[in-house]
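There are two complexes below, and they share chain A, which is joined by chain B in the first and by chain C in the second.
Presenting the complex of A and B:
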């Protein structure tokens, strides 16, 4: 059996993290979570990851700064922005993400996006 | 339509090492190298920016940038911040990653925050390495009229010289349909026997397209270079147009001064009417540092003979012969010295009874009495640095 695809979810909202972890595990992904961008970058140093789901509004380093760092170090690692705010979509600094998904009660779009990029 | 009041941001790529211009680039980057004895190479593109009303200008600098930064501070600090006008250096600061700029496109990508801050509609990206004048309004007008995503300035040159550049082909409707960086066999212009179009490193991008392309490129393992990566990947997907430099207002002169020989020849161009037309166009001044020196002094009983030459302010010349040469500011030349076909930059001191031919002296060179340079290739070779047959003495060289 092929190894599961590995997701890193970086989100400061505990409920969102746990919910996404469960949902993606149900979809047969291996999930690692981080509650802030610093921890997320540390995970990337130590773990092999196939895709990052990244929140924007987080205390300390926000998702925009984290995205810049991730792209500069792990150029081909896809990052999907998952934010409650739509206006960051216009921010040029978010355009290095492979997709921008606005948070909602349903995760269909996020699942579809992740699937598109890593299967 | 004028560029004035348009939402345009300009980046000038000013980090060129200029390795082939060594030793003139021993202590400074290529844009900071002196030119025509009183200017710096960067002054030409900056002057065209200011004259064209491109007045939000960032210079992206990298290696050996101190000299360029000092020049910018002395010469280019006159724009009013109150009107949001500026010429500002941006050193590679590893803001995003721990890497320096790894290519021309990466240099812009690492400064995306400036695009986000200014939110321009269009972005000029220029090179700080070339000698030319250009009214960027002409290129801008074509870019807008044709709704281009990218307009790049192109120049027709002889095929044998084209292989050192990005070579492109363009249809009658100005659409660029092929682009190859430094090809072995450059594609010729249809109908022209021996000419090719080359990329001049002058780009005007629609901002959204630029960011999209940079973001895509940043995620790839590539050279992160406009010529090698960005432009070829845009062909067929975006509207990429050429702008004919030769048909533009100042289209008679553009020089890539990448080697000592091409640098020397371009300097010597300024000792002709062609050169003076570039420097002296009254409504298109080439700006540089103001020199607070008195007029030059020409002394001695026998007088100073000057033919086809220029002498900048504050120089002291005695009973000497200057022929077909450029003499910078604050230069002293002693009696019975002949300087011929040479470039003598600022603050050099040359003794009596010397013969200087076919030489470039960088700033602050000191030569004692009775020295011959450029007269005997064997002797020159033993004592001096020679490139392309020209003796080049580096900054502050003391013999």
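Presenting the complex of A and C:
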């Protein structure tokens, strides 16, 4: 039996974080959550992760900076931006992420995207 | 030698109006002009108290003047403005000076000038300007014309009125600079001897002030009168230097035309005399700040009185005041027009400002709404998400099924609403104006100057002079070139050559960035634009990914040529924007 794919979810909204955890667990993924970018980077140091779901608007280090850091250290690690904000979708600053999904109560798009990149 | 006689007899040549008063305030001698001009005869004045000259309702003025004199240190009071009356009862304004001649006998010399006309004009101008100021808010072009007409009426009446300069007739000509002519404007005077007689006797019996006469004249409105018809269509070219009127105009000196005038046979003089049907007349130029603005021609056609130098002096001074008044009126006119234009412009500005403020308000509101929508999306997603989870666990029989299904439905609707709002409020696509490549290239090289210097890299730049603009956002182009140059510098590491070229080929702008660095291995050459690919020990490797995406976003192409250990060349090409076409919107 193949090991479950491991997801890291970085989002400062507790409700969203825990919802995503439940949803992805339902989809048979292993989920680790972090409430800010620093904690997230710490997780990446210590754990093996297959894909990162990353929020943009966070206090402290924001998603854009976190994206750059993650991508420069973990070059093969796909990052999916998951944000309430539409602005950055067209901005080349987020082009090193593999996808940009707008937050919604329906997670179909997010699941599709994750599945496409890591199965 | 009887100096007394000598001086008294000649004082008339020095002073116009004068009286010698004894210690009892009685008049001993007076000037001839007082008889001629003020209407008094010897019996009226000599041995009479000086007070007789003062109006009945103002006898105290004489005493006041005496007091001033005795209080003065210099024994004189100079240019005191006061009023005296003529024999016919008419009041005139004068400027009066008193001199204590002999303290032993307390003889006083009083000299004065008639300044009635000047005072009247000044008063009229002042009140006109005041009323014009008041009228500024109710600007009406007719009002202004009326006031210029006012002045012309005032001036003409003053020249011919009893209290004024008392010429029989006056003809006003003004310069029209646009047309280059001197034009006859208006005239005043009786058409015949009989008419004159009527007018004069009327004035003698019921003397009026100058203002009353001006009012009456205006009411008469005799533009069709005989004298005015003389002036109709009279136009003289300003370049006609032989013409006597133009001569006065250009020399800025009066010309007295009488039988003694040396140029009596000059054609224009003959013309003037015949036009006016007169032997003797005076042409007085109107000057304003050194420029000639017109002329008066005055005559005594009816009474045939000789025009004296005194008369000329009077009218010359008068002409100054008149011109000032006329020019002031004209200035007020153009001032009013300018003010009107300014008011219109201000109105437009205010309207534009209001529109701008509206737009700003809307923009700010739009931003706020967008911000709110973004803030709302996250929580909305969690509500919807949790509600969905619950909903999926239920079936129709469940107690709460209905409630939950509604929540899920409504949240779904709300998300659509939010998306809708945000779609609408998305800022308009930045208008991409024509971008000048050389600016971006220079900017990058300036910013990286220090690194270039530290790495001892020689930079060679060749940018075509008339490089056309390309359709790309400037900060995108900057990012592209910055990334490529940085890569080149890293590839070189130390001691190398960097070449940057920009030229236009075949309707495209081609930028070449070449380095003598390490080069790229052929097997990885194809992968360099892949995300995360980098052979560098550190660094994001996202530079080239971004570069490629940016180039392609802006309709460009990027190619790379590389030879290991020799160097790398990046070639990017952008289409030239057709003339006058902007992207975006």
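Note that the second predicted complex is superposed on the first by the 119 of 119 C-alpha atoms of A that agree within 3 Å, B and C clash if a C-alpha of one lies under 4 Å from a C-alpha of the other, contacts with A are read in each partner's own complex, and residues count from 1 in each chain.
Note that a contact is a pair of C-beta atoms (placed from the backbone, for glycine too) under 8 Å apart; a residue touches a chain by one contact, two chains touch by 3 or more.
Only a predicted model underlies this, so the values are computations on that prediction, with no experimental measurement involved.
Enquirer: Chain A superposed: clash or fit between chain B and chain C?
Expert: Chain B and chain C clash in the superposed model.
Enquirer: Who does A:107 touch here: chain B (first), chain C (second), both, or neither?
Expert: Second partner only.
Enquirer: Just chain B (first), just chain C (second), both, or neither: which does A:13 touch?
Expert: After superposing on A, A:13 lies in contact with chain C but is clear of chain B.
Enquirer: So, A:71: does it touch chain B (first), chain C (second), both, or neither?
Expert: Both partners, chain B and chain C.
Enquirer: One more residue to check, A:91. First (chain B), second (chain C), both or neither?
Expert: Once the two structures are laid over each other on A, A:91 reaches chain B alone.
Enquirer: Which touches a greater number of chain A residues, chain B or chain C?
Expert: Larger number of chain A residues touched: C.
Enquirer: Once the structures are superposed on A, label A:48 by its partner contacts, choosing first (chain B), second (chain C), both or neither.
Expert: In the superposed model, A:48 contacts neither chain B nor chain C.
Enquirer: Pick one for A:22: touches chain B only (first), chain C only (second), both, or neither.
Expert: Second partner only, chain C.
Enquirer: So which bit of chain B gets in the way of chain C here: 8-16, 296-304 or 386-394?
Expert: Only 8-16 shows clashing C-alpha atoms.
Enquirer: Overlap the chain B and chain C contact sets on chain A and report the shared residues.
Expert: Shared contact residues on chain A (touching chain B in one complex, chain C in the other): 68, 71-72, 75-76, 92, 95-96, 98.
Enquirer: Sort out for me which residues of chain B touch chain A in the complex.
Expert: 96-97, 99, 112-113, 115-116, 207, 211-212, 215, 218-221
Enquirer: Using the touch definition from the top, list the residues of chain A that touch chain C in their complex.
Expert: Touching chain C from chain A are residues 13, 15-16, 19, 22-23, 68, 71-72, 75-76, 84-86, 92, 95-96, 98, 102-107.
Enquirer: Within the complex, which stretch of chain A touches chain B?
Expert: Going through chain A, the ones touching chain B are 68-69, 71-73, 75-76, 91-93, 95-96, 98.
Enquirer: Residue numbers of chain C touching chain A in their complex, please.
Expert: 374-375, 377-389, 408, 411-412, 415, 422, 426, 476, 479, 531-534, 538-542, 545-546, 549-550, 553
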